[in-house]
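Next come two complexes, and both contain chain A; in the first it sits with chain B, in the second with chain C.
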Partner chain A sequence: MINTILITNWNGNILFSKYYNSITEEKQIEFEKLLYQFTKDEWLNSKGEKHLVTEFGGSVTVYTNVGDLLLFVSGSDEYDELALSDILIPITDSIKDMCKKKGVTETHYIEQIPKFVLYLDEIIQRGQLDQVQFEIVSNYSSLKHDQPLKKESL
Partner chain B sequence: MVVKKDDDESELVFENLEKGQVIQEKRAFNETPVHPRKCSLVISQFLYLLSRGDTFTTTEATEIFFAATKLFQSKDIPLRRLMWLLLKEFSLLSQDAIIVISSLTKDMTNPMSLYRANAIRILCKITDSFILPQIDRYFKQSIVEKDPHVASSALVSSIHLLKVSPEIVKRWVNEVQEAVNNKSNMVQYHAIALLHRIKQHDRLAVTKAVSTLIKGSIRSPYSQAYLIRCAVEVIEETNTEDPVFYDYINSCLRSKNEMVAYEAARSICALKNSSKKEITSAVSVLQNFLGSSKSTLKFAAVRTLNKLAQTNPAAVIPCNVDMESLITDSNRSIATLAITTLLKIGNESNVERLIKQIANFLDDINDEFKIVVVEAVTLLSQKFPKKYKHLILFLNKILRDEGTLQLKQSTLDAILTVVNNIPESKEIALTELCDFIEDCEFPDLSVQILHLLGQEGPLTSQPSQYIRYIYNRVLLDSGIIRAAAVNSIAKFGLLYEPMKEKVIILLGRCLLDEDDEVRDRATLYLQLLKQNNTRELTRLLVDDVPVPLVNLQKSLEHYINDGDFGQAFDLGSVSTVIESMPSPILEGKSSKQTSQSGGVTPKSLSTESNDGAPESYSTKLAQIPEFSTFGKLLKSSEIVELTENETEYVVNCVKHIFKEHIVFQFNCTNTLNYQRLENVSVKMIPSNPKSVKYECSIPIEILNFDEIQSCFVAIRYHPDNLPLCNFKNTLKFRTKEIDPSTGEPDDQGYDDQYSIEELEVSVKDFIQRTFVTNWKEEFAKLPEQEPATFALVSVKNLNDAVKQMISTLGMAPAEKSETVVPKSNKHQLFLSGKSLSTGALILARARMILDQSGLNTDVELTVKSDDQNLIDLILSSF
Partner chain C sequence: MSTTSGDNNNGGTSSANSSAAGSISSSSLLSVTAMMNNQALQELLETKSHSQYLQSKINTSFESVKLSLKEATDKKNSSKIYTLLQNLTYYKVDKDFLDIMLSIISISDDKKTLRLAYYFLIEISLFKHLINSSADIKNITNIFNKEMNHKDISRKVISLKTTALVAPNDVLVDANILEVISGILRKVGEDPDKTQKKKGFFSRATSDLGRERSLLQYACFVACRNRFKNNPSLFMPIVEGIKCSDPVGARHAVQLTYDYALENPSTVSATTKRFIPLLKANKGKEAVNLVDPFARRNFIKLCGLLGTTPENKDFFQSICQSVMDNHLSVSFWAISTLCNFSWPTLESAVIEQIILDNDTPNHYEILPHPTSLVTGICNKMKAGFSVHTSSTGTQQSNPFIHLACKLISSLSQSFVKYTYPKDKNQNPVVGDWTFDIEKSLSLSSTIYSAPSPLPTQPPPPSLATTTNNSNQHPFSSLTPLVINLLNISTSISIRIQSLKALVWLCPSNLESCKIFQDTFRAQLRDPNHPPHLFKELFLELYKRIIATPILSPMVLALIFDWIDIVPFKVDINLILETWRVVIGFGRDARERLLQSIFKILDRPVHSDFRVVSLEIQKDIIHFLGDYSNIITYENSQRYEKLSDHSGANKSLDISNQALNSIILRLEQYAIYNPWQIRVESIEALAKIAFLSCTLIRIHIYSFLTSVPNESHGWTSVKTTASIIINILDQLLNLRAKWLPILKKGSSLPVNQVKDLKNDHNSLCLQIGLFFENLSSDYLPLGIETKSIVLVSA
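Showing the complex of A and B:
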C-alpha cells in the first residue's frame, strides 16, 4: 500500500503528514528520522522536480522538490518506486495548481492545506491509488472558492 | 464582506489556530440558512488541525461529526465536498457514525455523480457486516456505473470492505467482472485488483480469471503490471506448465511502458523456473534502464539486479560496466545498491580494482550508506579470503575518516569478523588498529580495541611491537581507557612469557595513577604476576564471564540492595537465560522486511528496538500474591515454543522452579485482528498425576489483537520425588468478535479451546549450571562411578552431539570443552552443574565417538556427585 505522504520545507520541518498505514506515533518519528538521515544530503539534487528514491526498513520512498517544498511518498509491495513516482506527479501538479497565484511558498501552501487535502482525497483512498491523472483529480475535487479564505471575510 | 486588498498584510487563516476555538466555531453548522463560506472555513480549519497532527477525543469527534451532519441540507457543492471529507475523517473517531447512513443513501440517488462517488466512500467506512446487506445494492449499482468517478470510488471502497465483510463483497463478483470492461483505465485497474482479491483464496478461480484477463484486451499500464503480478502468483502457487502465463509476461517485457516492462523483467528474475534465455532478455531490459535519466527507473533496475545477483551472479555480469558508472550517481541509494551488487558479482581478479574504485567515492556517501557498504565488504571476506589485505585497509580507511560512532562500530565489528574468519589477517589488522587508537575520539572503540590487542597480540609473531601503543594509552588517555590498557598489558605478561619482566615494570608505573580503578587493577595484576599465579590470572583476564552481563548486573544490584552480605555472591545463581520476550509476530515481520529490502537495512532499526531492558522474572513473579509464599525463585527455564509462529494463537512457556513449586508461565499472543479473547488459561494434564498437586491457575482477563500477555499455572511437588513427566496442554478461552466499525467486541462470544504442544519437565529443570575453576581436579575428588554407555541415534557430527548433551543435561561446559577440534571423530565434553534443591555439585564427563556407520554418535557418560539419587535421575534421561 501507499504508506505515507510527507511534505516539508527545506529545513525538514514537516508541514503536512499523512500515514495511511496507521503506525504508532513512535514509529512515525522513527521513520521520519531515518528518512531525514537517508535523504538530507541529496535534497538539493531533487530541484526541478527531479524524482529521487531511497529505500529502508522495507519500504521505498520517492521524493522531489516543488517550489519551497519537499514531497515524500513512500509505499510497499505493488506501490514500488515506479508507481510512487507516477503518483507523485498529480500530487505535485495539485500543489502547483492551488498555489499558482503566488508560487509554491511555505506560507501559501499552509493556507491551502484544506484544498490540498481535497485533491489528495481523490488521488489516494486509504492507501490505495484512486486517480492518477491530474485533470481528473482537479475535476473531481471541484472546489470553486479558489481564492484563499480570509478571516475578515466573515 | 470586506476583503483586504493587500495580501501580504492579511492575517494567515491557520496560523496559531487553536483546537478549542475551532470546536466552538462549529456552531456555524447549526445556523439556518447555512452560510456556505463560513462553514467551509470552519471545515477547512478542522482539516488543517488533522493534517497538523492534532487529536480529538471521542466526545469531541462525535460532537463535530453530528454537527456536520446538519450540512446535508446544503446544496452548495464545494461545501458538500468539504463536509463529506470531514465526515469521512471523523467517522472512525466518532461514536454512532452509522446515523448518517440514511442521509448518505439519499445522496446515492442524486443525479450528480459527485454526490454518489463521495457518499459511497463514507458508506464503506462506517458500514459493518450487519448493515452492509441492507445497502449492498448501492455498491452493486455503483460498481457497474459508466461514470468512472463513481465506479472507481465504489471499487476502491470495496477493496477495503473485503476485510470487513468478505462474504458479502464476494457476492458482487459479476458486477466487478463487468467493471473490468469499463472504458476508464483506472476503473479497469481497480476492478482487476478487486477481482483478484475476491478470488484470492481459491487457486483454481484465480488461475481461470487471470488466464481469461490475459487473453482479453487489457491495455492500461497499472492493469498490466497488476496482471503480471497475478500471473507470477499463479505460476508460483500452482507450478503450472501452461505457457499462457509465461508468454504473457514475456510479451509484456517488450512493452513501451516502462512500468509494465520493468514489472515483467522483475518477475522473470524472481521466478525460479525462468529459462536462461528469458533471464537474458529480462536483464537486457534492466540494463537499458540503468542508463535512463530517471532515478526511479535506475533504482528499480539496480534493485532487481542486486536481488538476482544473490542467486544468479553470472546473469548480472553483462551489466558490470553500466553499474560501475552508477557508483558516482548523485542519488546515493542508487550508488550504494550498485556498489553492493558489484561486490556480489565481483570475482577474484577484479575485486581489488573494485574496492579501490569504491574507496575513491566514499567521501560522497553519507554514513547510513557507508554502513551498507561495510556490510557488503564483510561478506567479501568469506568469498575471497586471499584479499584480506585490501579488505582490512579499506575498512580501516572508513574507521579513520570522519564518521558517527554507529558507523565506526559497524566498521570495527566488520574488522573483527574478518580477523576471526581469516587468521592471516590478524597481524595487519592489529597494526592498523594500533595506529587508529593513537587518535581515536570514541572511548568505547578504544576499549574494545585494547581488549582485542590484549587477546590476540601475545599470540602473534612479534608481540613486543604492540606494547608501546598500549602503554601510550596509559600515558595519554582517560581513566576508562587507561584501565582497559592495564588489562591489556597484563595479558601480555600472562600469555607471552618473554615479556613478563617488562610488563611488571610497566604495571609498576601504573601504581600511582590518579584513577582508583586503574590503580586497583595494576596492583592486583602486579601481585599475581609476581606470585606467578597463572590460574587466577587466567580466570581474571582470559576466561569469559559465563553468564549474560545484563543478568549479572541485575543479580549484583539485587545482592547489594538486599544488604545481606553474610554469604558471598554466587555466580551460579545468575540466570543464564536472556530474559526478554520478543514478540514472535513482530520478529517474523521484521525479518521478512529485511529480506525484501534487498540489503539496504539500517542497523538502527534493530538496535533501537532492543532498548527496553527486560524486567527480571523474579521481580515480576514476586508481584503476584498467589506465588508470594513459594519462596525464592531457583531457576527459570528457557522459552519453550508450544505452537508454530504463524498460528492463530502463539503460545510459549517458561518454567519457573521454586523449592516445592513449579510455576508455568504461558506467554500468549492473539494474532487475529477480528477477535478479542477473554479469560485465557491453559489446562495442563500431567502424564504422572501422582507426583504433582495442582495449586492454582491465573488466567489472562482480556487479550486483544497483537498483544502478548501471560497466564500462569502453579503446581506443588515434593523435592524428594521430582515431577519428571509430560503435560498435555489446552488453551481455553472465551472469544468475542470485534466489530470493525466500532472496534468494540460483541456482547456474547463463545467458549473455545485450542490444542497446543506437550511440555516436558525433565531433570535438567532441577539442575543449575555452575562454574568450577578447575574441573579436572574437582572431578578426580568425587567418588568413582560406573559410566553409562548409549548412542545418540542419527546425530552425525560431534558438534551436534555436544549441543545435544549440553541441552539435555542443562549443565555448563567447562575447560572450553564445548569446542570440537575440526574433522576429529571423537571428543570429550566436561560439564558442571549443581542440584537446585540440595546444592550438591554434579560433574559429568561425556566421551563421544562417531560410530562406524558415521550415522550415530556413541557416548560414554560418567556422572559424579555426592547425591546418588540425582546421578540416577540424570542417567535415566537418556
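Showing the complex of A and C:
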C-alpha cells in the first residue's frame, strides 16, 4: 500500500502529513527522523522536480522538489519505486495547479491546503491509488464527475 | 523532520512529536509565546494540526473551528459552514464530527461544501468501530439512500464510495449497500450492445455503456474494495468489470479479482483466462486492453498468482509478454513478478513474437522474433540504463536505476543459488579454497604448520565446474553498467543497491572475483559513504557466503579491509555473525578464519583509530573466548584420547598449536593493554580453560596465578582473575579426586553418586556464569562422569 505522504519546506518543517498505514505517533516520529537522516544530504539534487529514492524499514520513499516544497511518498509491496514515481506526478500537478497564481511557495501552499486535501483524496484513498490523471482529479474534487475531458485519458 | 516553528536553519532541524513539548527549540518557542496567550500555547503544544509548525502558521485553533462549525451548522449558515470546513482541513478530525458532517450533507446543496463534508466523513471512517448508536446508523443510511436517488451522478458516486467506508458493520446496512451495488452492476451487465461485447474490445471509451454507468461501476468497485471483498454474489460482475470502460474502474475490478483468486485460484483462472492479452486463443475475442498502467500492473499481479501451476502457463506467459510493455513501471513490475518464479522456469521461458496488428494493444513494444526471457530482460535493462544513466537522464532516472539494481540482484541471486553445487544433503558445498588472492600477497606464516592431531575431513567436492559458471552468469553483461553507477551516481541509496547487485553478479569462483573484491574495497576508501552503506554491503556478502561458501576467503579479506580502513564504520556484530557462518564450513574454513582474525589483531593501528580499534579488539577477544575451542577442535577429552598415542609426533599431536597461538595472544592482551581488554582476555582464557583438556587448564591456571598486578585499574581484573582461579582450582582438584575412583570401573555407592552430582552441578553453575548458553551435556569433571550425572539428570 501507499504508506505516507509528507510535504515539507526546505528546512524539513512538516506542512502536511498523511499516514495511511495506521502506525502510532511514536512510529511516525521515528519514521520522520529516519527519513530526514537518509535524505537530507540529497535534497538539493531533487531540484527541478527530479525524483530521488531512499529505502529503509521495508518501505521505499520517492521524493522530489516543487517550488519551495519537498514531497515525499512512501509505499511498500506493489508500490515500488516506479509506481511511487508515477504517483508523485499527479500530486505535483495538483500543487502546481492550485498554486499557479502566486507560485509554489510555502505560504501559498498553506493557504491552499483546503483544496489540496480534496485533490489528494481523489488520488489516494486509504492507502490505495485511485485517480492519476490530473484533469480527472480536479473534476472529481469539485464533484464534476460528468465533466467531459479535454483530452483522451491515459 | 522538524515540526518546530520559525526555524530557518538549513538541514539543522530535528524531528518532533506533534504533541510533545520537549522537541520544540527554545528560541522559536519564545518568539511564538510572546505573541500568543496561554490557551493558544496549549493549543500549539497539543495541536490536532498536521504539525506544530503548521499550527504556528495559521490563525485558527481547533476548538474554535469546531465550536463555530457546530453553531453554523445549527443555524444552517451555508457560507460560514464552507469557510469553517476549509479551516477544519488543517486539523485531524475524530468521531465527534460525524453528526455535524451528516447534517451538512442533509442541508447543503453546494458542491464545494458537500465535497468537503464527504472528505471529512472519509477521515471519520477511521473511527468506524466507535460508531454504534442506532441513531447514527439510521442517519447514515437515510442520507445514503437519498443521495443514491439524486439526479447528480457526482453525488451518487461520492456517496457510494464514502458510505462503504464510514458506515459501521451492521447486517442491515451491509444489505442495503450491497443491494445498491448489485443493482448497479447488474444493470451494467445487461447493457444491450452485444456486438461490442462479442468483440471484447473495450479499449476505447465507449458511449454505449454510458459515462454515467461506468462511473457508477467504478464507484461500486471502490466500495467493494473497502467493504465487500470476496463477496460471492458479486464475483461475476466484478470479473466482468475488468472490461469496464472507466480505466480506474477496470483497475479496481482487477484488484478485486485478485482478492478472489487468493481464496479460489482455480475458479478465477477459469473465469479470467479469456482476458489474457496476446493469447492467440483470445485474439479478436475478449482479450483486455487495459489502458491504465496501474491496471496492467494489477493484472500482472493476478497472473503471478495464477501462473504458478502448469495448467495455468498462459498466465505465466502473459507476464513474460508484459516485459515488453512500453510503460516502464509495468515492464519492470512484470520482471519483479517473475522474480518469484524458480530459476529453471525463468531460464526456459520465452517472450513470444509481438507483431503490430489490430488486435495488439498499443502499449506493447514490437518483438519480431521470439526471445528467451532472460535475454529480453537483459535487453530491457540495457535500454533503460542507456537512457537513465546518460548525462541528461529523465525525471524518473533514479527510481528506474534503484529498481533495476534490485531486480538484477534478485534475479542473479536466483541464478546463483540454483546453480551452485550442492552436497548429498542439498547444502551448498564449501569448495576448494586453495586459490586465494590474498594468500599470494600475504607473507604471514601459517599457524597450522604442524600436523593436526585430529583426522582430516574428506576433501570437499571440486568446484572446477564453477569456473565455467563465471562465463555463464546470464546477467554478467550488466556488470559494467552497474559498476559504472558507482562512478556516476552520488545517491547513497543507488550505491547501496548497486553494491548489492554486484554481490550477486560476482561469479561463484575465487579466480574470477578479483574485480568485484577491488570494487568493494574501493568503496571503503570513499569518505562520503555512511556506515549504513557498509552494513548493507556486508550483510549482502554474508547472505552470499551462506549461499556460496566458496567466496568466503574474499569476504574474510574484505572484513579485514573494513576494520583496517574505516574501523569507526564497522558493524562488529555483523562481522562476528559472518565468522560464525564460516566456522560451520569445516576445517579449512576455520583455519582460514583464524588466520584472518590474527591478521586483524596483529595489524598496526593508526593513533586516530585507537579507541574504536580497542572496542573492536574487545569484541574479537570475546568471540575467541566463545569459539576458540570449536575453531581449534579442542575439548576436554582430547588429551586423554591422545595420551595413549605413540610415535615421533606424539608431542606435536598432543599440543594444539592453533589453540596455543590464541592463548599466547590472549595472555599478552591480559598483561599489556587497558583494563577493559585485560578483563575480556582473562575471561576468554577462562572459557577456553573450562572447555579444554587438563593440560590447557593447568597452563592457564598457572598463568593466571602468576600474572602481575601493579597497574591502576587492576582491581576489577584481579577480582575476575581470582574468581576464575578459584573455579579452576576446584576443577583440577575435583578432577584429580574423582578420576581414580571412576577409573576403577565399579559402581559408586549412593552417597558418592550424590557427592559427584553436587560437585558437577556446583561447577556447572559457576562456569555457566561465563557463558551465554553452556551446553546441557557439559561435563566439567570429564567424560567419565557422563553415565552418572547425565543419565540421572
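Keep in mind that, in the parts below, the second predicted complex is superposed on the first by the 142 of 154 C-alpha atoms of A that agree within 3 Å, B and C clash if a C-alpha of one lies under 4 Å from a C-alpha of the other, contacts with A are read in each partner's own complex, and residues count from 1 in each chain.
The rule is short, and it goes like this: a residue touches a chain if its C-beta (ideal position, glycine included) is under 8 Å from a C-beta of that chain, and two chains touch if they have at least 3 such contacts.
The structure displayed is predicted, hence computed values, not measured ones.
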| item | value |
| --- | --- |
| Contacts of A:E42 with chain B and chain C, given as first, second, both or neither | both |
| Partner chain in contact with A:G57 - chain B first, chain C second, else both or neither | first |
| First, second, both or neither for A:F16, with chain B first and chain C second | both |
| Contacts of A:E32 with chain B and chain C, given as first, second, both or neither | second |
| Contacts of A:S85 with chain B and chain C, given as first, second, both or neither | both |
| Touching partner for A:L6 - first (chain B), second (chain C), both, neither | second |
| Contacts of A:T105 with chain B and chain C, given as first, second, both or neither | neither |
| Which of chain B and chain C A:Q131 touches, first, second, both or neither | both |
| Chain A positions touched by chain B in one structure and by chain C in the second | 16-18, 38, 40-42, 45, 50-55, 62, 78, 80-86, 107, 110, 113-114, 117-118, 121, 125-126, 128-132, 136, 140-145, 152-154 |
| Of all residues in chain A, those that touch chain B in their complex | 16-18, 30, 34, 37-38, 40-42, 45, 50-58, 62, 76, 78, 80-86, 102, 107, 110-111, 113-115, 117-118, 121, 125-126, 128-133, 136, 140-145, 148-154 |
| Interface residues, chain A side, partner chain C - complex | 6, 8, 10-18, 22, 25-26, 29, 32-33, 35-36, 38, 40-43, 45, 49-55, 60, 62, 78, 80-86, 107, 110, 113-114, 117-118, 121, 125-126, 128-132, 136, 140-146, 152-154 |
| Residue ranges of chain B touching chain A (in the complex, touch as defined) | 1-4, 7, 10-15, 37-38, 40-41, 43-45, 47-48, 50-51, 53, 77-78, 81-82, 85, 88, 114, 117, 121, 148-149, 152-153, 156-157, 159-160, 186, 190, 193, 222, 225-226, 229, 258-259, 262, 294-297, 299-300, 303, 330-334, 366-369, 592-594, 596-598, 600-602, 604-605, 608 |
| Chain C to chain A touching residues, read off their complex | 1-5, 7-19, 50-51, 53-54, 57-58, 85-87, 89-90, 111-112, 114-116, 119, 122, 126, 152-155, 157-158, 161, 165, 205, 211-212, 215, 222, 225-226, 247-248, 255, 291-294, 297-298, 301, 328-329, 332-333, 336, 395-400, 402-403, 490-494 |
